[in-house]
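In what follows, a single structure is set out as structure tokens and then discussed.
As written, the chain order gives the labels A, B and C, with residue 1 at the start of each chain.
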Amino acid sequence: MSFWEYLASNYLEVIGYTFEHAVLVLQGLALAVLVGVPLAVLTYRTGLGRAAAVNSASLIMTIPSYALFGLLIPLLGLGTAPAIVALTLYGLLPVVRNAIVGLREVDPAVTESARGVGMDRRRLLLSIELPLAWPVVLAGVRVSAQLLLGIAAISAAVNGPGLGNLILSGLSSAGTPFAVYLALEGILGIIVLAVVFDAAIALLTRLTTTRGARA
Amino acid sequence: MPENGRTDTGPTAEPMIRLEQLTKRYPGQDRPAVDRLDLDVPPGEIVVLLGPSGCGKTTTMKLINRLIEPTSGTILLDGEDVTRADPDALRRRIGYAIQQTGLFPHRSVADNVATVPRMLGWDRKRVAGRVDELLTLVGLDPDTYRGRLPRQLSGGQQQRVGVARALGADPEVMLMDEPFGAIDPLTRETLQNEFLRIQSELGKTIVFVTHDIDEAVKMGDRIAIFNAGSGIEQYDTPERILTEPATPFVSEFVGSGAAIKRLTLSRVGDVPVPDWPSIGQDTHRDERAAAVRAGAREFLPLLDADRRPLGWVPADASGDVLDRGLPIVTRIGPGDSLFAALDAMLAANSSAVVVVDDAGAYRGVLDLETILSTVHTDAGPAVPRPGTVATPGTV
Amino acid sequence: MAVVSEQGAAPAAGGTPGPGTKGPRARWATHLVRPAIVVVALVVLYLYVSSRQLDSIERRSLNAAYILSRTWQHVQLTAIVSVIILLVAVPLGVLLTRDGVSRFSGPVLTLANISQAIPSIGLIVLFAVAFLSLPVYAIAVLAFVIHGVLPIVRNTIAGIGQVDRSVIEAARGMGMTKLGVLVSVELPLAVPVILAGVRTTLTITTGTVALATFIGAGGLGDIISNGLASNRNIVLVTGSVLVAALALLIDWLAAIAEDNLAPRGV
């Protein structure tokens, strides 16, 4: 039985896990943006704030994923919940770092003249700073996405969803002819998702960036 | 009047902007950035804040719309104390244009110009009309430029849009920080002239920051010269700054070209034109020859029946020259500057130029000696007096 | 696994120092934060574990001999994998920037980007089930080296690529040979980037080695796995804290090395 014949026999299962994997990563990414961008907005103005935000996020990044899952299980139990929280935490660093860079790259002359014509802080942030920083934020999201797609494979080890389950099935059927196929299906599924996510975020960047803010 | 922005030459009208004892002190610095500054800006005038870099002129300007909050002192806008007013509302009443333009790069030209009108809640139609009006005013065709992005414009066009945005909701007061600074000299000159034209129509009250004395003299109705310690050395009209520098600092800052700069400010109409006889066209050839030879002047202008100058008649004229005179290259009107008159003399290789009134009728002849003595009496020893004056002629 | 290489993360920064860059004093303060966190975490963990009555299953994982052996395995495996990665990746990266070979650098970089998406757990499992005859230890080394090489190749290429062309031209203009330029100009100037690559390698590898437990190759991941399998949170947490502490410690040492080994003026 070749790999393709095997895939034809269990493709529904593969599609199911791929879908789970994608949804898991999407949730982590969305939460990372929802937490990371406000965090950047709150901290980017002061050197101390920036250092605190970026150093905390990179501290999390230093913790190996298997250990972080292990630390979250006593708090959140097994399954999807620790996976989403872990992915959110790992997704933070690129988002926070890029959001800070993006906000700081806004030309001071632009913000000064926005204030000079009487824009208040909120309007300045929403209509000038964030739109200008948005492409940089999305570049961070793109990096996060690639990272999270890989890390999400480990969530299967804590009974979480996603393509990691195919890889671990391969491991548990070691010695059978299908073991390699299962592991390959898991890996290829993640690579396909990586390509799709990358293209989707590139498209999103085009669609949500105003012409003038595009680099 | 060093250290004092009140001026006795000012109009009696209430100032549009009045700064009283305005001070900005940054924590950790022993010297205040702006120290107990008093300044009155009369309505409808361009007041230039001039000084070396780091002299606090930009800080002073930003204190007016409170981009920098004053530590103490009072800002009065049209008689109203705005020192504690809502800064955002205040800034919407004050136009703001800066050297780096600060155009919003992600928004079209039209959206940039519409910023303040939209914040003030104007309806869409009124905003669109205002945008087109302003673009036309600054010399940009609305149909061509409305939809463009800032980076699709040249530097000069960006500055125009910056000025249009500052004029957005027709503010009475405008603050401009070297708005024509970052562009090439030719474009700058064009923009300065256009802006003066716009200002003559709109009559805004403008605070204009520059470090360029020539720009200050050209643009300003009044100039405040700041010293390095952010005090005002002199606050006066450009003429008086050039002719009567109040302090050594001012004369040094104004520089060695003061006399020449002054020539651009004095009008021919303000200078006494020396008595210079003329010859009527109805006179006979012999009478003309006699008149020229009898007079103290070596050339006399020949006038037609409406007293318009036709030509020069030199002392040694004969034949056709006595009939028509030598051609006159340039005529100077009362509104022209002495600089223009001098320029015309140099161009014609002559030491005198014919002055006519607005209708073209003969007013007299302005000679080099008169210009030199004007400069001499007003500006002291700035221009050395030459021993002899060349004769007019050799056209 | 859970470390992002510097290149991809802040493309807008374009090689300029990131927002977290600070002066030397702040840098030392940061250097003190990590060991402090590690020490506090380990002390709290020790007090917590020693205050508890451990059952026999828990005692099997939570004894000094077991923990020390797994830690030693972990450190050993991390060191071997890291050294091999650096021995392969840095010369390969340098080679790919030489004239005549540099045309291959494009495809290699593309491959490096794609390979980033391959999960390390997938690679180690695939190798384990594909090469059943090989010892698990060899499989772990092979999988982790393959997983870690390309990012460092990319780092090295980027490091040498960012050396100012005019400096190289000046060196060549003075009559330096190509090898001379590489040894005395390009490599010294690329040292900071290469050191950053070393740090990344060490940190990533410490993390991926925690996954060696899945194929029975040992390491501190064993304690996490024991905790999961036996449903004993105290074991799970101990394993997780130990892995995290080791990773933070190694990253801390690498950061100090990075700061102090870079040549002056770079």
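What we mean here is this: a residue touches a chain if its C-beta (ideal position, glycine included) is under 8 Å from a C-beta of that chain, and two chains touch if they have at least 3 such contacts.
Remember, it's a predicted structure, so these values are computed and weren't measured experimentally.
Student: How are the chains arranged in terms of who touches whom: line, ring, star, complete or other?
Tutor: The chain contacts form an open line.
Student: More contacting C-beta pairs: A-C or A-B?
Tutor: Counting C-beta pairs in contact for A-B and A-C gives the edge to A-C.
Student: Taking each chain's centre as its mean C-alpha position, how far apart are chain B and chain C in Å?
Tutor: Comparing mean C-alpha positions, chain C is 67 Å from chain B.
Student: CA centre of chain A versus CA centre of chain B: separation in Å?
Tutor: 59
Student: Based only on mean CA positions, could you tell me how far chain A sits from chain C in angstrom?
Tutor: Spacing between the chain centres: roughly 20 Å.
Student: Multi-chain contacts only, two chains or more: what residues does chain C have there?
Tutor: Nothing qualifies.
Student: Sort out for me which residues of chain B touch chain A in the complex.
Tutor: It is residues 65, 67, 87-93, 95-98, 100-108, 115-116, 119, 149-151, 162, 165-166, 168, 175 of chain B that touch chain A.
Student: Mind listing the chain A positions that touch chain C in their complex?
Tutor: 44, 47, 50-51, 54-55, 58-59, 61-71, 73-74, 90, 93-94, 97-98, 100-102, 104-105, 136, 139-140, 143, 146-147, 149-151, 153-154, 157-158, 164, 167-168, 170-171, 173-175, 179-180, 183-184, 186-187, 190-191, 193-194, 215
Student: Where on chain C is chain A touching in the complex?
Tutor: Residue list for chain C touching chain A: 1-4, 8-13, 18-20, 22, 26, 30, 33-34, 37, 114, 116-123, 125-126, 128-130, 132, 203, 206-208, 210-211, 214-215, 221, 224, 227-228, 233, 236-237, 239-241, 243-244, 247-248, 251.
Student: Across the complex, what residues on chain A touch chain B?
Tutor: Spelled out, the residues of chain A in touch with chain B are 107, 109-120, 123, 128, 131-132, 210-213.
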